[in-house]
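Just below sit the structures, each encoded as structure tokens.
Here chain A shows up in two complexes: once beside chain B, once beside chain C.
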Partner chain A sequence: MASSSTSSEVFQSVTTGQHDLTLFQQLPVLAIVVPLLFAALITIVHKRNFALIITQTVSFAVFIASLLLFFELQQKPEIIYYLGGWKSPYGISLHLDLLNGFVGLLVGLIAAVSSTFLPQLLQKEIPYSKFPLFCTAFLLCLAGLMGITYTGDAFNIFVFLEITSLSSYALIAMGRDRRALTASYQYLIMGTIGATFILIGIGFLYAMTGSLNIADIHLRLADKLDSNTVKTAFAFITVGIALKAAVFPLHLWLNNAYSFAPSVVSAFIAATSTKVSVYLFFRFFFTLFGYEQSFGNIELGWILIPLSILGIFFGTYKALYVTDVKSLLASSSVAQVGYMTLGIGLATQTSLAGSVVHLFNHGLMKGLLFLSIAGFLIHAKGSLLTQLSGLGKIYPLLGVGMTVGGLSLIGVPLTAGFTGKLLLLQATINQGHYLIVAFILLASVGALFYVWRFLQMIWFGEINEADQQAQQEWLRQDAFSWSGSPLNAFALISLIALIIANIAFGIFTTETVFIADQIAKALIGAPL
Partner chain B sequence: MNNLIEIITEVIGKYNYWIAILLMMSGFYTVIVSGNLIKKLLGLGIFQTSVLIFFISLSKIKGGTAPILLDEKAAEAMQPVIYGNPLPHVLMLTAIVVGVATLSMGMALVVRINEAFGSIEEDDIHRVDEAF
Partner chain C sequence: MARMQEHTIPRIVSVALIPAILVFGFYVQFHGEISPGGGFQAGVIIASAVILYGLIFDVNAAKQVVPPAFCRILSGSGVLLYGGTGLISIFKGGEFLNYSLLLDHGGQHLGLVLIELGVLLTVASVMVLIFYAFNSRNG
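Up next, the complex of A and B:
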């Protein structure tokens, strides 16, 4: 399509050019639109099995799309999709580079894996009548997350952020405990304030540049970087995203939201939503404002590094005393987000690479941990540590899942969590921040203790009598009981795949580190 | 003295932004201070509305008309045509929809909270929760 100046020419190029696009070239938009459409369809049809099959199929389709796009991005630096064929600064475009592709892959993967656990959830946590609506919210959340990740338009980010947030409020409120309602309400208040802050920031940027396209804003900002309006926009956007990403003082919504949500929702949201928000940090700090503005003019590191360290400290500390496993993992999420923002705050190539690797791997391990808990919860009464006592002996595969995920969370070598932390340590040592180095090591010891708390409970705790009865019942009835988990075949495969992924990404690290290094180079060097 | 007048006219001249800031702060204050869940939501609504005024102020131009294509005769009669930027209005249409959705979602949650806890006062809910 040739670039054209008058509207009629644009229209013509749209009508003629659109037919050249193959299905493959439509993938970026399909990954967003397909879940959105099918979410609506599920509400209309409103049948349980239909909802289940559609949700799983669509989640896997999105996963495959994100995978194909990721491989495509290995060959070319970026994929730009013009929605409706309108050229970049005027229309909305989806802008994919290696960073989005990587994050999109994580979202797709976790969505696909979590969707296989949905039938389990049906048995215990969600009333049958509400299941189709639950699936609608799930798909909307997925569509929103893919949208945030792939879009190249600043206002679009706000819209997709709200789609994600609203559907996750609904998902969280479906938890069994009534405290899920207050948790969801709290998240709604905080999340809306965060999103509105981002909107105000985008408004200031629009006032300065007259553009909403991220790449275009970056170009137009070049000679306006000293203006107070731009700095105000920067402040609003930073605070807004920090609220969404649960950076330390703004993390209060996260704990309850993750603890009381239905278990599959905890897995899906914990592994994707904060990660996507951290991705937004990358996008805004490096691509939109640019490295020089964020870390030269404004010296963001002075805010981000202390807050990250406080987040790591308080997250780890809280995880050491809470009595609920989901709450424990949520607290550890605050700490892990601290690691990622620490990498952003240091803003060297190694630290950014570490941050990106940790973002991806943390999604993998939190997904695995929460899904293992979802497996336990099929038979266990609740997620208190004492209620999970000895369950590893009854369901060994789920126990292995918890163990691999836990080790990965500590950062034991040969598990996924090791790579990111190692890169972060390298970066801090290179910069000579030995205090931070000592602190990261100390926090890892803390992680060792809190992971030990739940591993010790599930492997060496006494088996509750009720659980024993449930086990016997299960051994009699379940065809898959030999597998050592109360999951169906589909969920079993995805759980094993996640366990393997957690180990594989710890052993074969060259690929991920290479990709993360490329991403970091692109972020610091020439943005977009 | 002249300087002072200049400042005052500057301040008054940008009254729309002041209104936006005032609304924003009062909404935010309500969200933080109020213990009643409904009042919190109302504060949130005001907070979001202030952003609408902010965006629409951006697009307003003095003497500008609506951005509608004029037929040739009318266009010749009033050269050059000044018109307001339509884009922020469109963006705010989306933001209004988002605001409505958030508010209704929040209200629905409050109804459920009232059913489960028997109160919509934050203090009462905390008291019930501790006894839990």
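Up next, the complex of A and C:
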């Protein structure tokens, strides 16, 4: 009997014994589990309209949950949720702080906004019979992204990364032509290598510390930082995440994946997936290994800064000559990821704040740009620059979306893109890297040119006869003709909301910069 | 290539093997929490029985036994069973997947059995679905 009483004592000491959690306290896990379960429900019911309604409702629910959590995180430094009632480090815990609350908000927002474009996608790009499974993949991808963002467990990150990756391979493969299949396959190979590298790294850490909880690993690593195993783990994890985040020169999968995916998927994945991977950089470099290890012992900056600059250069350069708008935006994504990793590489408080702000704002602008293109593609034949010729005149609102998004991409003052770049510039000037300053400015001029390439085509190009006819045809059929765009009211509102967000985050910057500053302070100073 | 149905020995051996594989699959499933094994392994073993049947006696025969639509429903149900177990503990005011709240005594045991069953359903049906999907490529 003695042994049984001690085992129950042990049981009590490692479990929380909670049985009066409020719905609000359950939000972190619900944001992950609800999309996961409804994804399963859609495969069972397998009805088109059901899938559509569920996907949209769940995406909005996740958005609201992430918003509530984000506000809650402004009051308290962290929210910890013990899955299964097992205390950390024994069980898996969700560990929310301001950083992943912020990233989670971005994921929720983009998911909600892109889900409003799904009916258009249904009409044009996805066969009716495949639509329920498409929605399943969409929700699984959302669940995975929320999971990566909120979890406080290193192995959990890998698991959710796989959920996200596998579902996004499926989503990309459903693109409108057969090239989507090769693009998806390319992404599958590269993504699997990346995920495997991350897994190997986590395995090494587990071998060294016997723990998978990120905060716990950080504590246990303190006296093992010089060991080669930990350094190898660091290398594997860095390369693995760099593959996922499309850091130059590991970005080659990204271009085709974004270009050939269904347009809504491009918007969703471009605005969230690489951002979440960049978030993982923060999590591993600062929270898990710690600032001292990543930038003191290992001097990551020497690798990350040159690669970021090369990424900015090649991304911008490629965007200057490709003929497809989606490919252009994908190339610019490589450049923009370069800005974010540059901020990480510099590793000062200002640069990290800039990186965080840019991460969020770049999600907003890429979401807006890709969704505007999704709107165009309802009637346009393809996304070649020439095929979008003059469409801004036919669909002014979508044209405005492209314009605001484009200006934001350049980093014009009073748009969202300006804030992050300004902080990064400040950080580089403070550190005296004038060459990098010159380079960022040069790249911004490059961005000016590539944004001008599509804006000029949209606003000043010749209107195609076929496009004109398509619009006339549609105006006869559709009730929402007042909008002058081929979207339903729901999608229209979300598009306008994104346009406003892109401007508002450029004008009212104090709040975001303050939050980003707090995040940066927490990352450098006392890791959680 | 000669069709599999004409090979007498594999056909007869598989007739004998398939029930044994199924029984072994369930054995692995139900002893999962006290010995090596569990839902995933059992799911693969059970699916392998169906796949063997499909390989030997033609896929269409296998599809009559286990229709693809049935597999699709089963694959979702497994996830729902797993997640639903977790949701019950949420409704009881605890954390997601806190099995202790399922019953006054032995909740942990019940919870584990339920989620392993969920894993079994999903893994087995998805394995069979993958087999069907590969097969449909040959036309």
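Here is the rule we go by: the second predicted complex is superposed on the first by the 511 of 528 C-alpha atoms of A that agree within 3 Å, B and C clash if a C-alpha of one lies under 4 Å from a C-alpha of the other, contacts with A are read in each partner's own complex, and residues count from 1 in each chain.
One rule holds for everything that comes next: contacts are C-beta pairs under 8 Å (C-beta built on N, C-alpha and C of every residue); 3 or more make two chains touch, one makes a residue touch a chain.
The structure displayed is predicted, hence computed values, not measured ones.
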For this session: Put chain B and chain C onto chain A via the superposition and say whether they clash or fit.
Result: fit
Exercise. What is the contact status of A:Ile193 with respect to chain B (first) and chain C (second): first, second, both, or neither?
Worked result: first
Exercise. If you stack the two complexes on chain A, which partner ends up touching A:Leu166: first (chain B), second (chain C), both, or neither?
Worked result: first
Exercise. Touch check for A:Thr182: first (chain B), second (chain C), both, or neither?
Worked result: first
Exercise. Is A:Tyr81 contacted by the first partner chain B, the second partner chain C, both or neither?
Worked result: second
Exercise. For the overlaid structures, how many degrees, to the nearest 10, lie between chain B and chain C at the C-alpha centre of chain A?
Worked result: 40
Exercise. A:Gln26 contacts which: chain B (first), chain C (second), both, neither?
Worked result: second
Exercise. Does the superposition put A:Leu36 against chain B (first), chain C (second), both, or neither?
Worked result: second
Exercise. Closest pair of CA atoms, one in chain B and one in chain C, after superposing: how far apart in Å?
Worked result: 6
Exercise. Once the two structures are fitted together, what part of chain A is touched by chain B and by chain C alike?
Worked result: none
Exercise. Mind pulling up the chain A residues that touch chain B in the complex?
Worked result: 155, 158-159, 162, 166, 169-170, 173, 178-179, 181-182, 184-185, 188-189, 192-193, 195-196, 199-200, 203, 206-207, 212
For this session: Could you pull out which chain A residues touch chain C in their complex?
Result: 15-16, 18-21, 26, 29-30, 33, 36-37, 39-44, 46, 81-85
Problem set entry | In the complex, chain B residues that touch chain A | 28, 31, 37, 40, 44, 47-48, 51, 54-55, 58, 87-88, 91, 94-95, 98, 101-102, 105-106, 109-110, 112-113, 116-117, 125, 129, 132
Problem set entry | Complex contacts: residues of chain C adjacent to chain A | 72-73, 75-80, 83-84, 86-87, 89-90, 92-101
